[in-house]
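As written, the chains take the letters A, B, C and D, and residue 1 is the first residue of each chain.
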Amino acid sequence: MIVVMKSNATQEKIKRMKRRVESLGLKAHVIVGTERTVIAAIGDKRDGAVETLSSCEEVEKVVPILAPYKVASRETKPEATAVRALDLAIGGGRFGVIAGPCSVESEEQIMQAARAVKECGAKGLRGGAFKPRTSPYSFQGLKEEGLKLLAAARAVTGLAVVTEIMTPQHVDLVCQYADVLQIGARNMQNYPLLQAVGETRKPVLLKRGHAATIDEFLLAAEYILDQGNKQVILCERGIRTFEGHTRFTLPLATVPYLHERTHLPVVVDPSHGTGIASLVPAMCNAAVAAGCDGLLLEVHPDPTSALSDGDQSITPAVFAKIMEDCHKVAAALGRPF
Amino acid sequence: MIVVMKSNATQEKIKRMKRRVESLGLKAHVIVGTERTVIAAIGDKRDGAVETLSSCEEVEKVVPILAPYKVASRETKPEATAVRALDLAIGGGRFGVIAGPCSVESEEQIMQAARAVKECGAKGLRGGAFKPRTSPYSFQGLKEEGLKLLAAARAVTGLAVVTEIMTPQHVDLVCQYADVLQIGARNMQNYPLLQAVGETRKPVLLKRGHAATIDEFLLAAEYILDQGNKQVILCERGIRTFEGHTRFTLPLATVPYLHERTHLPVVVDPSHGTGIASLVPAMCNAAVAAGCDGLLLEVHPDPTSALSDGDQSITPAVFAKIMEDCHKVAAALGRPF
Amino acid sequence: MIVVMKSNATQEKIKRMKRRVESLGLKAHVIVGTERTVIAAIGDKRDGAVETLSSCEEVEKVVPILAPYKVASRETKPEATAVRALDLAIGGGRFGVIAGPCSVESEEQIMQAARAVKECGAKGLRGGAFKPRTSPYSFQGLKEEGLKLLAAARAVTGLAVVTEIMTPQHVDLVCQYADVLQIGARNMQNYPLLQAVGETRKPVLLKRGHAATIDEFLLAAEYILDQGNKQVILCERGIRTFEGHTRFTLPLATVPYLHERTHLPVVVDPSHGTGIASLVPAMCNAAVAAGCDGLLLEVHPDPTSALSDGDQSITPAVFAKIMEDCHKVAAALGRPF
Amino acid sequence: MIVVMKSNATQEKIKRMKRRVESLGLKAHVIVGTERTVIAAIGDKRDGAVETLSSCEEVEKVVPILAPYKVASRETKPEATAVRALDLAIGGGRFGVIAGPCSVESEEQIMQAARAVKECGAKGLRGGAFKPRTSPYSFQGLKEEGLKLLAAARAVTGLAVVTEIMTPQHVDLVCQYADVLQIGARNMQNYPLLQAVGETRKPVLLKRGHAATIDEFLLAAEYILDQGNKQVILCERGIRTFEGHTRFTLPLATVPYLHERTHLPVVVDPSHGTGIASLVPAMCNAAVAAGCDGLLLEVHPDPTSALSDGDQSITPAVFAKIMEDCHKVAAALGRPF
């Protein structure tokens, strides 16, 4: 950590700050520059000491040097983590596709969707039973009934069930049916929920928050890892920016960047990332080319009748073509799946 | 709702869409323009019908005309709502200040803070007992012990206790001690939590999410109102933008804009909105001048020793000056408090 | 255009607005809804009438239906435009790569760079002679001397010279040396400059502004097209968002989205789009997979000695590998180049 | 400047980097931390050396310590700068209001506007003669004819003429008529234009770019100052964010923040900052309360007939009330004007 003193900080204030850094168990190294004095604080300190120091009036700013996350860091664990659930494997050289409708709507719908995506090579089945909806007046999901339908679809197809969990109170219930617990973007910083899924031994698919920085994203993963659950999949699903022509802005550079910083696998969700079905195929190809470890896609037997996210859902026919193209892109880059 | 058809939509497709709009219980009105045909769909429909229609391939876009929220709307209830807790009154011509430390750290600290802010005219005492922290390694709050200390401070000062609640599981516990339940920015779209506090009859202070649009903000309030709890205070606390010189960007135009749209009171949090203590006084004055119904401020007896948010916390002395100036600004504009 | 009246607009105000719409040469169609009256204004009007109407107090908002650009629109010209300069061809099924250093620094540097990128298959040579630099204290380019060096590199390699032009006053000078005129992101809305390059018959590479919407981007192209110059290449180079881990956020969904809206070719600049050399290869693959018509890349013989943008410049060796991989991705998707 | 080495950087690489820092004329100070080695580079270097170093593969990042601007810095010149033009004085304790229509449309319109704003206490008259419009099909201004009308309005009212200049080619022409040269947000990084106005001795009103950071804003001012023109007024006019309910997001914390960093005066433009006339009065009060040195406002005798920006223009009656309220707020805070 580098403590930058104000240009008018007196010798006495600098000394005081030096003592203060030392009192935190860090080694202080004073460097007198031409316009500023800075104090390098040496030691491994990731617990908020930064905030304390920067509130002193003689301090201009505090610059952290170390990343704030640790267990998620590639430096802590250089080899890539692979997460598995039934036949679904993501990370560590394995590429996995999770597909299905936004919401579970009926037995017929989920069965049709499951069979269709299975046939094209998906290994995971997505489908919301508990749906976080922006409006209280929108369809909120079939709840436990939806979980049962997902389990029934798994029984028939062998697909791993990936479904969202919205509150710690549902952990036991959802764990009875799901193979992978999904944390939605709105809940990325719902810490009691992160801790609750961290206490299970189910793989967790953690979606990036709409406005989360990469550090915040990895710290959210760290909350789960910190509870002993090492099976975390990161999901880039787009961020909120000034762009209004797409639902969100999908920043694919996150994929190689995260691969440099963390050992955790990274999947991409082009359905939410664009919000427009016609853009999904191109963005699937792009995500694979960027090196992601998997895709999360909304596929609906009949998007025009979907109770949620119809706009961004693709048909099974389009999904089949996407899978074909993604296979080709991956193979061309020497990463067949 | 206006359904804009693609320029190449055939007569048949337009007819089909007309029937579809009608099947939703809406009246369809086809308008043939020079380059586009649009269908005006008449009727009150706020439940996601928009998404369904826009996923049809012949549709270019669907433009909603009505606001998606209803109970929160100024049209539904023209007169301003006033929210009260002990001596704290916010909205409907009443201005209330809630101040105190970011976290409750010790009996001495919270007592000192409570006495100091009381003396300057605050009517609410803020203080976190359950703290949502970005890093799992940061101080997480004193939990129930913190709630007890807040209640003790109330016993001495008469200040209304405003404290954050992070999960539905804590509702009963927190309600035993708090006068106002705070929903933090990270939880603005934690719907089970919104519903849980909506079921109580405690006033709720709802902070705007880091990347929430105004519609999303009001729909989050709507989740609470929809459960029968009418005592909701909206809090603008800054949004995430490309600006890095402040912790968040504080968009004060939200204040008059919300007053046009909703009857709910609006308070401003310049502490989180800037993240820099030296900018807080100017932004308090500005918020009052913009017409807000109250302020939420981090005041710490000794910010440099704070366990959280020391950077943005002000001293009691600065708080006293802020109160004095805000009184002057409010009085100058004919809104004395 | 749809004029949405306020809920309390009287019959008289509605009639007045109807007359006003008609006075603009549009046909007015009044639709009485359950909560709002809207007036559909029919006719082709793209000249700011919208602003005029929405300032009337009885109007809540005005929703445009038509895109504001016309000549750039895919509806006006369905077939893709191909832009050519020497052997460089971009668009209409042709894929072109423009590569070279950020700035022309010396004869040796530009010759080395030109030979290296030519050998790997680039058809265009980029290199800044007039450099827009954020700080007045940074290297500002070799100016006319730089243009001469670019022309010399072209004489040897046959590469088309692509170089930035910063002011209308330099049009004649730059046209003497350049094959493609580049408009930088900072100048995307420098209208006198757009008009000046629009008056030439040189192809123009127009970079998206840091915070430009797609409509603004296409309207900037429209300024050039409107002067009679039909040779415009659009370049997505990243936008400014809250993300700080990359220099900009590169939203590749722009590529398929623009292809839907406009006939103009779209190239991607992953060097500026990420600002980090190690992320450039993955984003080149992704851009090709997303369907772009070309790439713009910063390649420097020795990035660590570059006078500008060293951070994001790649070496010739990395560039060779990128070209190889991009060829594979393009071929896999049936779009060999 | 702090050079942070990668965790796996060898001793040899660290030595090499130390030599490299020294070769730039800086003193290098190697600090070996628990997880990282950092090199503190001491000396005053603001010319892009940062970029060069961070492109070395053994470097993780380079953290600048000094602000990149110098002449604009409050450290260089602690006392506030006052800018004057006729009776208009802004900065150094003087508060000035510039008001008038977006565009000069006719003699009658500008005269009416000028008389109205003068009567209420404005000292500057704004009015666009050369208009940068997003669409080439929108009204582009009366050009020289507009400048003549502004001069005529000055002759009658004594108001200082503030008008936009879009290209270096117009400097001589505009200087014949204008008292203050306005650089619009789209041209904030049009460096040839900044240099051209920097060569004149007319005061310059520099608007912040839509996505400009504070450092970029001050460096744009530095381009003007660097040419010897010390009369620069900074104008906060709103930034582009995800917020869509206002035209831009107006971040008033810029005002006190800039006052800490620079001696240049800061004015606020609530008309563009919100884009909605009904929000302008509240934001004027807020801007004054935040401590700005002046206001820039769009006032039109009849906003509903305005050829541009009618949406955000206020009437003379509203302007009169704003001036009254702003006087009260300023007086309440001990800064009467």
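Operating definition for what follows: a residue touches a chain if its C-beta (ideal position, glycine included) is under 8 Å from a C-beta of that chain, and two chains touch if they have at least 3 such contacts.
Quantities reported herein were computed from a predicted structural model and do not represent experimental measurements.
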*Centre-to-centre on C-alpha atoms, which chain is most distant from subunit D?*
A
*By the contact definition above, name the pair with the higher C-beta contact count: A-D or C-D.*
C-D
*With chain centres taken as the means of their Cα atoms, state the distance from subunit C to subunit D in Å.*
26
*Centre distance in Å when subunit B and subunit D are each reduced to the mean of their C-alpha atoms*: 31
_Can you compute the centre-to-centre distance for subunit A and subunit D, using the mean CA position of each chain? Integer Å is fine._
38
*Which parts of subunit D, given as residue numbers and ranges, touch two or more other chains?*
211, 215, 239-242, 244
_Parts of subunit D lying in touch with subunit B, wherever the complex brings them together_ = 211, 213-215, 239, 241-246, 249-253, 255-257, 260, 273-274, 276, 278-279, 282-283, 285-291, 325, 328-329, 331-333
*Could you pull out which subunit C residues touch subunit D in their complex?*
46-48, 51-52, 54-56, 68-70, 132-139, 166-169, 186-187, 189-193, 209-211, 215-216, 219, 222-223, 226, 239-240, 277, 303-313
_subunit C-facing residues of subunit B, complex_ = 2, 4, 7, 29, 31-36, 38, 40, 42-44, 63, 65-66, 75, 240-242, 244
